[in-house]
Structures are given as C-alpha cells and as structure tokens.
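Each structure below is given as structure tokens.
Each of the two complexes below includes chain A, the first together with chain B, the second together with chain C.
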Partner chain A sequence: MYYLKLIVKNVFRAKLRSSLTIIGLVIAIVAFGLLQTVVDAWFAGSNASSASRMVTRNAISLVFPMPTYYRERMRAVNGVKSVTLLNWFGGIYKEPKNFFPQFAVDHENFFDLYSEFLMPDEQLLAFKRDRQGAAVGRKLADEFGWKIGDTIPIRGTIFPGTWNFTLRAIFDAKDETTVTRQMYFHWDYINEYLKQKYPRRTDQIGTFVIEVNDPSRVADIAKAIDAEFKNSLAETLTESEKSFQLGFIAQMEQIILTIRIVSFVVIFIIMAVVANTMAMTARERLTEYATLKALGFSPAFVAALIFGEAIALSLIGGGLGILLTFPLAKAVGIIAAAVFAVFKVSQATVLMQLACALVVGVAAALVPSWRSARIKIVDGLRHVG
Partner chain B sequence: MTASVNTPDRNTGTLVEIRHLAKSYTRGDQIVPVLYDISLEIARGDFISLMGPSGSGKSTLLNLIAGIDKPDSGILRVDGEDITQLSEGQLADWRASNIGFIFQFYNLMPVLTAFENVELPLQLTNLSRAERRERVEMTLSLVGLADRMEHYPNELSGGQQQRVAIARAIVTDPTILVCDEPTGDLDKQSASDVLGMLKQLNEEMGKTIIMVTHDAHAAEAAKRMVHLEKGELIGEPVAGK
Partner chain C sequence: MKVPFSYVFRNLWTRKLTTALTAGGMALVAFVFAAVLMLDAGLNRTMVGTGSAENVIFIRKGAETEIQSGITRDQAALVESQPQVARGEDGKPMASKESLVLISLTKSGQDKGSNIVTRGVSPMGFVLRPQVKIVEGRAFRPGSTEIVVGKSVHDEFDGVAIGQKLRFAQRDWVIVGTFDAGKSAFDSEVWGDVEQLMQSFRRTNYSSVIVKMSDVSGFEPLAKAVDEDIRIALEGKRERLFYEDQSRALSTFISFLGIFLSVIFSVGAMIGAAITMYSSVAMRTGEIGTLRALGFRQPSILVAFLTEALLLGLVGGLAGIACAAFLQTITISTMNFQSFSQLAFSFLLTFKIVVQTLVFSLVMGFVGGFLPAVKAARMKIVDSLRAA
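Now for the complex of A and B:
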C-alpha cells in the first residue's frame, strides 16, 4: 500500500506533464479503438455468416445472372436442404445519401433460411401475402421512422422506374452481430415487371442462397453444385456464405491493411511520448533514486518504482481512452450508418486497447529504469536534477 | 606520505577500523587518486568531524565508511566486518541495518509527508504497521516535529526538513550516523539546533557520528576533528570543544 501510494503520488507530481501525457494516451487509445472498430465493421457481415449457408453466383462475375431454373437442379444435389433467391436491387430512397442495401428475394422461403431475423408470425404472413410487401430491419426502420403499412418508394437504378413497396414486416436481430439495416421484397414483383418491359431479363437471378444439412460437407456440396452446371450457359461458383462475404472485403484489403498499420503507428508514437516523459522523470529524480539505494533499497526496487509509475500512467490514460471509445464509437456509428451496418466496439478491441496501454507503459519504462537502477549512489547523490 | 590516526581513546572499543585505504576515480583516460593510504580508527560512541578543503577526499572517505562506494585497496572494517568484501546486495542490506544518512540538502522524498519520509527505511524491516507508526511518532517527537507529521517537505523550513532527515536516519536505530555537511544549507540558528541534536544523539543515545563539514564552528560540536588534505590525513586528531 505504501509503495502504491508512492507510485500514484509520483504520477501526479508534475501535474502538467502527466496530464498532457495522459491526454495523449487517451487520444491514442481512442484512435486505436476506433480504427480497430472500423476494421471489425468491415468484417461484421462475414462474422454474422451462417456455416450452413452457401452462395452460388455466376462463375464469370457477380454482375452476370443465372437462370432461375437452376434452383431445381441444385435442390437435387445430395446434402442440399433448401435453396432461395437473392438479387441485389440497388435502388435509391429519395436521395442517394440515404443508401441502404435492398434485395429482391423469394418471399416464400427466404426467412426460413435466415433464422437470425426475428419477426412476428403475422407480419411474416402479411409480407408473404402482399406482392408489393417489404420487410426491413429494425435499425433501418428506426432510422427513417417507418411504421407497418407505410409506403416506401424506391427509385431503381438497375431496374428502371419508381417502385412502391408497402412495409409489412420489421425484423429484429437475434444477436448484436446481425445486421438489420437492409430491406427485402418479392423477387416476383420485379420479375413480373421485367416480363412486361424487358422480357430478355426475366427469370434471371444474381445469387442463390443454399442451405445444407451438414455444414461440415459445405466444400463437397459446393463442388457438386458447380459440377452440375459445368459447360452450361452460365457456369456457377459456389462458396460458403463467409467466403462470399470475404470476397467483397478482399477488394478493400489494402485499405484495411493501411487502417491496421495506422492504428499501430498511433500506438508507437504515443509509446515514444510516454518513454520521453519517463526518461525526463527518471533523470530529474536520480538523486532520489540514489538516496533510496543509499537507505538500503535495491536497484530492482528503483526499477519497480519507475515501471509502476509508467504502467500507472498508461493504465490511467488507457482506461480513460477505453471508456471514451464507447460513446465515440456510437457517434461514429450513427454518422457512418450508411457505410457500416454494425459499428460496435468488440471485446477483442477493448482487450487490445488494454494490452497496448500495458505495452506502452512497460516499453516506456525499460530504458529509464535500467539506467536509474544501475546508477552509482555517489554519482546520483552528486546529480543536480 | 602515509598518514594514520589511531587514537580511539575511549574504552568502548573500535567500531570503524580503516587500514591503508586508497581510492581513485577514472575521468576519461585519466586516473585521479582521491585518497592515499588512509588508516584511521573510530571508537564506538565517537563523534568525529572530517574537515578539509574541497577535493580533499573527506566526502569520499565518508562514502566509503557508509558503504555507498568501494575502495581500490585497503581494509575497512565496521563492527568487525570487512565491508569491502560485501556484494552490492549485501552492502544494501548492511546499510539498511547499520547506517543512518544525513545529507546537506536533506534528500527527502517531496511527495511523502514527514511521517512517510521517516517511515521509508522501516519499510525494509519486518515491523508491523502499528510498530512502524509507533516508532515514527516517537522519533519525530524526539526531533521536535510531532506536530508536523502530515506536512510535506515543501511545507517545512530548512531546519525542520533536516530534523525530518535526522529522524529518518535514526528511526532504524543504526550503528553509525554519517552526515555530509548537515548544516551546509541552514541558517545559523537552524544549524545550531541541528548540531545540538547531533550532540544529544551522541551523548545521550550513544550514537557514533561521522560528520563531514567545511564549517569550523560545526566541527567543534564533534569530540574529535580529523583533517584531510589532498587525500591524506593531516596531523593528529584534535579534540572538539
């Protein structure tokens, strides 16, 4: 207790210097936490993927569709439990800045495959019965203040015209990794329109979502599905839902890598700042350390005092930084809602922040404690701080 | 020239025995001798002042006796133990048990109260918290600072700070008190008080005191005065007043 008190008192001895160092630490730890959360946000979709779901797309590119009749042949593949349709719509709600993902899906069974979306049975039924019906996630509904029964006009970019949807269901997330900032509606509604206006585009789908009986057989089943369509008009590429999601992230790989590097550079910079603070502190206190050694305290004790002070300083700054990360992440999540559907500080990020603070403290104390512990008592007593 | 002073005229026995002690420092490529062939005996219960001009080696001799520096050659026995043979760790333990330090600039920990400063060396003992408290309170009362226990050094005058330093030096009941210019930073009245306190500790509590000083008046408080010049002991010891 006595030593702890001594360490804490030493931390706040040079109030201005300690305060500035702590502020620097807070900024660095917050920046690190937010940057890590940005990286996590990129991976949020893939982390929420189901191991029992696969996605099939055109082998050439995602922009090329496949005939919907493939579905029946997919169902026949051993291990396939069910197949549903999913097509990117890419429409605009009022203004482009209101971006959110919209998908045309097979209304009959889509939500059977996505058990992480929770909604009342009567709403699901209403969604299925209404050809213009739409289901949206809670976050999206809250963001635009939509209520059941509201009409949502979406201006198509891939599918021309203005499409009016009636909100029939609002789904909630099973857990916090589930994204609820998207909209689903009937693929039939789109397809019927295409039949009238653009007959050559009908009965084509961007992706099939496949549910398998045994997640451990995903690789074999994917191979079997793709073999089924080998040498056909539209060859397929089937992969796990996670791989499919990661494929999108891979396009951002360099950006994500840069963000990761920057987050650690921030920590490295603050490490240099804290090391400088500790070096100045230790140099000023050489006479005190020499006095302690003269009184009979060991060099290890002197080193422990400096380590204790550096770690206390880092933990105070780190702790405040961690606490501040949560409200700031919430604010960033609201501002960047259109980019990141899930922007939550993960437990892993908090642990990394804490570890960074500790590493900064230990690294900053290494050289000053080594020098102070080794100083000869007579030299230290002669030193003028 | 070999100088020796071997006149512990007390029947209490020799506490510090120095034989042919030499010490030099290295500055760059140069070896600078500081002490030459010093032989000296200090009796238990003695109060000796080491005098001499700057650079005479008096502080170096004090540091060697206190075990915070090591000689190049010679024998230095304290209470029969040759401290030149002790390792750094053993010397630290030895100092904690045997030496009380009083410095010119007090060397108190500025973030600790007077009480906590005096308690500091007791942290190296096995005393309980209650025992430590009792000892610290008693010692601070002894130096007349019972009412200043919770004051920080910067809230005390120079004389009071030096009295806290004296309390810190004696709280572990060490064998020897080593004082390096203990009145060098004090006004006349405070210096007189501190010297009076040292005399009291020597006469009433039997503490052996070795004091380095420039000040002839301060040196007279000691029972014996020893002069050093250019690293050598000069003449015979002179009795104090």
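Now for the complex of A and C:
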C-alpha cells in the first residue's frame, strides 16, 4: 500500500513537470485516436458492405455504362438471386459544399437487396408509387432538416438540368456500420427524361448490384457473369461489394498511408518527450534511490518505483486523452460530415490508445530504472542531482 | 548590462545531448509543418502549371469536370469560329476538341485498378500545351490506334512501357511514346487521337473544347458570346482557373490535415522545450545567482534564457527545413476526388515556406522558453547562491 502511496506522491512532486508531461500525453493520445478514426472513416463504405452482394461495372472504368438489358442475362446465371440497378447521379444540392451521394436506383427491388436500410412499409410504398419520389438516410435528413413531403431540388452535373424530388421515405440504419447519408430516387424518372432529350444515353446503367444465394460462391458467379459479356461492346467486371468499395480506397492509398505513418510518428515524438522527463526525474533522484537501497530496499523495488511512476503518468495522460477523444471526434464528425459519412471512434482505436499509453510509460522507464537499480549505493549518495 | 551572447551559445553547446534532443523534436515538428505546406504548394504548382493564361476551356453548363461534360460537333464548330479565337499560320483556328474517358490501370505493386484520364486530342492539342513534350519514343500518328503516356503514368503503372499494348474498347492500343508535361496534371494522363478514341467508345460528343485566344482580354466577350448563343450555350472558363478548381477539395483536405498536425505537434514540441528549459534553469540555479550577484539585472537574465530557447527553435527549424528539402524528389500519386482520377504531384519548397517554417519554429521556442525564463529571472540572489 505504501508503495502505491509513494508512487502517487512522486508523480505529483514536480507538479509543473508532471502536468506538462500529462498534457503532452493527452494531446498525443487524442491525435492518435482522431487519426485512427479518420483512417477508419475511409473504410466505412467497405465495412458496410454485405457478403452476399456483388457489384458489376464496365470493365474499362466506372464512368462507362452498360446496357440495362444485361440484367436479364445476369438473372439467368446460376446462383444469382436478384439484380438491381444503381447509377451514380453526382448532383448538387444548392451549393457544391453540400455534397452527399445520390443514386438513381430501380425502385421496385432496390430496398429488398439493401435490407440494412429500415423504413416503415407505408413510406416504402409511397416511395415506390411516386415517380419523382426520393428516399434519404436519417443522417442526411437531419442535416438539412428535411421532412416527408418536402421538395428537394438537385442540379445535375452528369444529367443536365434541375431535378425536383419529393421526399417520400426516410430510412434508419440497422447497425452502426450502415451509412445513412445518401439519397435514392427512381432511375426510371431519369431514363424517361433522357429518352426525350438524349436518346443515345437511355437504357444505360453505371452498375448492377447482384444478390447471390450462397455468399461462398461469389467468385465463381462473378466469373460466370463476366464470361457472359466477354467480347461484347461493354465488357463487365464483377466483384464482391467489399472489394468494389476497397477499390476506391486503393486509389487513395498514399494519403491513407501518410495518415497512418503520421499517427505513429506522433506517438513516437511524445514517447521521446516523456522518456526525457522520466530520465531527468531519475537523474535528480539518484541520491534518494541510493538512500532507499541503503535502508535495505532491493534494486527491484527501486526499479518498480520508477516503473510505477512512469506508468501512472502515462495512464493518467492516456485516460484523459481517451475521454477527450469522444467529444472531439463528434465535433470533427459534424464539421467534416460531407467528407466522412461515418466518423465514430471504434473500440479497437480505444484499445490501441490504451496500449500506446502503456508502451510510452514502459519504454520511458526502462533506461532510468535499469541505471538506478544498478548504481552503487556509495556513488548514489555522493551524487549531487 | 546584457548577458553576452557567447554565454548563451556555450550553454547550449556544453549540454550537447539535451540540446540535440530538444532541437531534434522541434526539427521534426518543423519538418511536418514544412512538408504539408510543400505538398499543398506542389499540388498548386501542378494545377496552375496545367492551365495556360491564353487558353479557355469550354464544357457543358452545369458540368464541373470534363468527364461529366458533353459537347456536340455542331457546338464545337461554332465555338471554334468565334472571332476571339487565335488563328494559326495556316489560318485554322487554334482549338482542340477533346474527348475524355477514364480507364483503369494497375499501379506497380497494387492489385486494384486506379482511374487514369485518357484524353483524345486533336493535332492542335499539343500546340495549345507547349509544356507537353515527347521525351521518349514519338507522338501518336493521327488516325491510328497509337497512344502516348504521361511521365507519372509511365513511372508508376505497370504495362505502360513503349511497345506494350493496352486493351480497351475492343481494341489494342500501342504505346509509342512517353511525354513530360512539366509536372502538370497532364503527366497523369494517357493521350491518343480524339476521333479514334471516340469511335472506339461509340461516342458522338466531345468532352471539352480548348481554344487559344488571340488576346487575353478577349475572355469576357468570348465567354459571353458562347454563353448567350442559344445554339452553343456552353460554359467557358479560363483554363488556369478551371484546373485550380479541379483540385480544390484535395487542396482543402491537405491544408486541413496540415493545420491539425501542426497544432498538435507544436504543442508537443513546446512542452518538450519547456521541460528542457525548466531543467536547464533548475540545474543552473547557482550560476544564475552568480550572474545576478555580478550585477546582471533581471531583464538581462530573462533575455538570455529566451535567446537560448529561440536558438533552440532556430536550430530545430533549420534542421527541419533541410530534411524537408529532400522531399522534393518524392512524387505522390493519389485520387483527386473531384475528377475521380489519379493525379500525381510532388513536394515543392518555396521561399515563403522557408520563412513560414522558421517563424513557426521561433514561436515554438519562444512559447516553450518563456515561463522557464521568467522563473530564472525571478530567482532571489541569496537563495539561488545558497542552492549552489
């Protein structure tokens, strides 16, 4: 018991230095947590994907469409349960800074495939019945204060003109990984309009989403589908939804890698600062440690004392840092809502923060404790701090 | 009476290890600070260097990027015939009608594809971009399925050496050359013949029309005429501005990340400096007492310790900049969120960044050293002499 008491007393002996060290630690842990959360946020899309869904796109690249009649041929492939249409719309709501994803989908079965979006049956029905109807996620509706029945004007960048949609349904997330910051409307509505103005662009779709009966057969089915359209005008590339989403992240790999490296550099620098403090403290107290040893305490006890102090410091700093991460992440999530659909501190991040704090404490205490434990009593007593 | 500068300097010199550690921490912060600014400057240079002051780019109204745009042949012909468009020696308008598609290529060491802009250009396309030069092989022959690749594409992607073929749109495209576009965005593109590309992709519309003005003051009337003519009704933008807009989101992201990192790092470094300076003051209590007894006044002591902290900051800042200068050889290739395609850019060290970084490190040193310096100055002569 007196051992713990001694450690606590030691921690608060040099108040200023300890508090500076703790502040440094808090900042490092918060920074580490936020950067990890940023990296997690990039992966939000791929975490939300389902194992039984596949995405087919044009093999050349995503900007090329495929004819919609492919759908019937896909349905005939063994193992395919159902197929729906999904087309990136890329419109602007009032101003470009209000960015959120919009998709033109097949209203009939889209929400059957995406069962993670929860909404009342009557809203779903209203959405299906209204050609200009739209369904938006809860997060998006809250952000712009939309209510059922509101008219939402979207200015098209790929599809020229201003499109007015009536909000018919608001869906909620099934669990935390589900992204609800997007908008869906009828692909038919867009297609009808294109028929009048740009007949060449009609009956073309950006992606097909395919649901399979057996998720373990995804690879085979993807191969079968792509073989079906080999050497046609629009060759296809089918992959699992997760791999499709990861494709986007791979394109930004270098940025994500940079953030990852930086978050570890932060920890490293702070480790140096804390280690420096611990070393300084130990140097100053050499006489004291020698006295303890002269009184009969073992070298292990002295080492434990130093370790205890370092770990206590790092745990206080780490704990405060973890507590602060949550409100800060919430604030960042609100500011950067347009960039990150999901910005949530994961459990893994908290554990990593805790581990980092501990590593910092242990690493900082290693050298000083080794030296203090080994110093000869006489030398230590003679030493002037 | 001022404390001699040599005293300050020697203090740092005597405790080489502590000085090096503290300055090293500050150097790291200065390095990160400079690196982020350099990245933004590099991105900016790439985008500004892509556009030319005399060129105007036309895209469909409402479209933000060339990929989203579509221009019919009739519209393109009408744009070309505007009076403000410069004429070449042969009397033909200096305009390039271009078609853009994205193709997926694999970066070396990755298994997923990245989007690459493939630009179909008219023969005039090279004339309008004097910065684009063939450095290896030759240019594609008009009317053939030959293509040339930009330097960044050549360096970072697989299967794009001269003589190799890319297969897309049911055809094989032979790579016959590599071009250097002077670190502009074109370095991340693949170029081919516009008519061939459009035919293969079954397109009837161009993506954009780029014209050179005979006089830079002709922009407003040209844009106005094209905007108001109901047969054309396209949006004209100065090429330089257009490309700057293309990378705005990426630029904002980099700046945001930079500010965030700098703030966090600098607090860490200031704390490091403060701890070092405090211990330096504590260790020299007797010395400070002696100085005071010799007749040095409190402000002189304060200034001496602040100078020491500032020197630490300066050394750190210089070391940081020196390290950051090496970054200029690195090129980063990442996806531009707006154009949805790969963009390569490198770090760029400018004089402004050097000054900013030095000021930043001096401020770090000053803030970190202020409280310890005050403590040193406030010591009572008798007490501090006795402490020794």
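By definition in this document, the second predicted complex is superposed on the first by the 385 of 385 C-alpha atoms of A that agree within 3 Å, B and C clash if a C-alpha of one lies under 4 Å from a C-alpha of the other, contacts with A are read in each partner's own complex, and residues count from 1 in each chain.
Here is the rule we use: contacts are C-beta pairs under 8 Å (C-beta built on N, C-alpha and C of every residue); 3 or more make two chains touch, one makes a residue touch a chain.
The model shown is predicted, which means the values in this text are computed figures rather than measured ones.
Shared-chain residue A:194: touches no atom of chain B or chain C. In the superposition on chain A, A:224 makes contact with neither chain B nor chain C. In the superposed model, A:378 lies in contact with chain B only, and not with chain C. When both complexes are overlaid on chain A, the residue A:39 reaches neither chain B nor chain C. By the touch criterion defined above, A:298 lies against chain B but remains apart from chain C after alignment on the C-alpha atoms of chain A.
When the two complexes are overlaid on their common chain A, residue A:287 makes contact with chain B while staying clear of chain C.
Applying the stated contact rule after C-alpha superposition, one finds that A:328 touches neither chain B nor chain C. The wider contact with chain A, measured as residues touched, comes from C rather than the other of chain B and chain C. On chain A, the surface touched by chain B in one complex and the surface touched by chain C in the other have no residue in common. Of all the residues in chain B, the ones that touch chain A in their complex are 63, 66, 68-69, 88-89, 92-93, 95-97, 101, 103, 107, 109-112, 116, 119-121, 123-124, 168. Looking at the complex, you find that chain C touches chain A at residues 21, 25, 28-29, 32, 60-65, 67-68, 101-104, 110, 112-115, 168-170, 201-202, 204, 253, 257, 260-261, 264-265, 267-269, 271-272, 274-276, 278-279, 332-335, 340, 342. Put simply, chain A touches chain B in their complex at residues 2-3, 5-6, 9-10, 13, 287-288, 291-299, 376-378, 381.
On chain A, the positions that touch chain C within their shared complex are 16-17, 20-21, 23-24, 27-28, 30-31, 34, 59-64, 90, 96, 155-158, 160-161, 200, 231, 233, 246-248, 250-255, 259, 262, 265-266, 269-270, 272-273, 276-277, 280, 339.
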